[in-house]
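Shared between the two complexes below is subunit A, which pairs with subunit B and subunit C, respectively.
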Partner chain A sequence: MKQFKIWLPIFSTIAFAGCAHSLHMTHVSDSALSHAEYSKSKAIEARSEQFSFLGFTTDTDYVDQAYSKLAKSCPNGSIEGITTEYSTDLGFLSWTNIVNMRGLCTMQP
Partner chain B sequence: MMRTLIYPLICLLVSSCASINSVSLTPIPPTRNAPVRAQKSRVIFLGLNFDNDFVDGVVDELRRQCPNGKVTGLLTKDETINYFLFFVYKKQVTANGYCVPNAPMNSKPKTTRVSHLDSELLGQANGSSNEAI
Partner chain C sequence: MNRYLLCLFSSFLFVSCAQLHHVQIGEVVSEPNGNYQRFDIKVSDTGVDIGEATQVAKIFMNQRQRDTSDAVAGIVGLFQMGPRTGNPVYSSNYTSNLIELIYAKCPSGNITGLTSIRETRKYPVISGEIVKVTGYCITKKGA
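After this line comes the complex of A and B, so read on.
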């Protein structure tokens, strides 16, 4: 019983910590950058979140917000090699959906 | 008491809950004058769904909106919208992107000049390969 009291908090900490963050999917787009273009390009990032309590969410507009943020951070160039991550941070009876987009901004000659 | 609870309960049952299944994004072009958008969905009752052909219409619709160009910068969202007690739900695929017009046909094509030395080397290479055969 004494050992159980010691191991229970340790086990529950590991168990709950393991579920705290969940990566659902990652997508990497193609990139046609040459070595010279790659070295000149600038890394950009856009992130958007949606808080959800008990799963009640009426839209998924936060994804579109991340997209427009990424496009605005490179207004006159092309964005290539985009990595899109969709993940969830879990909390007590609630969670936060996160979309993170990273890419390379290259200016056209 | 019952009357007080019935309205919030109806609101909860009728309201929809949207969730994302997957998101992907292709390279975004520098010219973003012509946005294109396509959305296809299917309402599914009790999970009875026999094919996923509704998704194929997305490509056709994008092609129709950009007949003489290339569609790029495509944000594709695959989402599920749950309705009444999760017995009824909608699968929805949305694609947003940009139509980039093709380069004009009268532009000078790129040519590669082959020098006299190159052609000699090419001939030698062909000869040696023939001998090997």
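After this line comes the complex of A and C, so read on.
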């Protein structure tokens, strides 16, 4: 029983402390692709992060970075059905804000 | 003991509320010769409120155990710092296949009024961290 009392707090700390996330916003943009075009399209993804320690950070253009990465993933086509996610990975005295953009790249005929 | 369980059970039944965090609507297309069929997609994960979990656990503890649970909650809090919307969840990709789900609901791809909603369904200790997408699938009349 004494062993249990020692290990329970340790186990609880490990179980609940790690890998917690908070999803702030998700938005799905419009898509004009037919099912055939959707099947032919290529799924692309761009992710950008902002690390923050106790609220101090230097990266302030991570949303622009995610946008340019997404645009570069589909250089000669158009991007439809873009899902934008803004979330935070919670951490020890610090956290990482994440912008993740996923889309469907279709080539022009 | 039964009294505690009854209280807990009643709380889950009657004490819940929904909180809206964000809503955004897309393009609205009008097609006079179309049938508009509404669709809803809901994905969610379970959030945990460590503070509330500690408070509930304290009911069953003695003074020494309560002090220990406070310490555990404090340490967990240090590992979960950052801006929050709703309660923290332990999965980061539960919304990763929304576009696939939309095309499964509307194979024609002719969609209007796509609305993205981020909300929390709050219960004692846990919560449903929900992303809901609603829209209208346009099909040709008679199709």
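As a convention for this text, the second predicted complex is superposed on the first by the 89 of 109 C-alpha atoms of A that agree within 3 Å, B and C clash if a C-alpha of one lies under 4 Å from a C-alpha of the other, contacts with A are read in each partner's own complex, and residues count from 1 in each chain.
The rule is short, and it goes like this: contacts are C-beta pairs under 8 Å (C-beta built on N, C-alpha and C of every residue); 3 or more make two chains touch, one makes a residue touch a chain.
Just so it is clear, the model here is predicted, and its values are computed rather than measured.
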Exercise for the section: Pick one for A:I79: touches subunit B only (first), subunit C only (second), both, or neither. Expected result: first
Exercise for the section: Determine, for the superposed model, which of the two partners subunit B and subunit C contacts more residues of subunit A. Expected result: C
Practice task
Scan A:Y38 for contacts with subunit B and subunit C and give back first, second, both or neither.
Solution key: second
Exercise for the section: Would you sort A:M25 into first (subunit B), second (subunit C), both or neither based on which partner it touches? Expected result: both
Practice task
Answer with first, second, both or neither: which of subunit B and subunit C does A:D89 touch in the superposed model?
Solution key: second
Exercise for the section: Could you tell me which stretches of subunit A are touched by subunit B in one complex and by subunit C in the other? Expected result: 24-25, 27, 29-32, 81, 97
Exercise for the section: Give every residue of subunit B touching subunit A within the complex, in rising order. Expected result: 15-20, 22-30, 32, 73, 75, 77, 79, 96
Handout entry: subunit A-touching residues of subunit C, taken from the complex the two chains share
Key = 21-22, 24, 26-27, 48, 50, 65, 68-69, 71-72, 75-76, 78-92, 95-96, 98-99, 102-103, 107-111, 114, 116, 118, 129, 131, 133
Fill in the blank from the handout: subunit A contacts subunit C in the complex at 5, 9, 12-13, 16-35, 37-38, 52, 54, 81, 83, 85, 87-97, 102, 104
Completion exercise
Interface with subunit B, subunit A side, in the complex: residues 24-25, 27, 29-32, 55-60, 63-64, 67, 70-71, 74, 76-82, 84, 86, 97, 99, 101, 103, 108
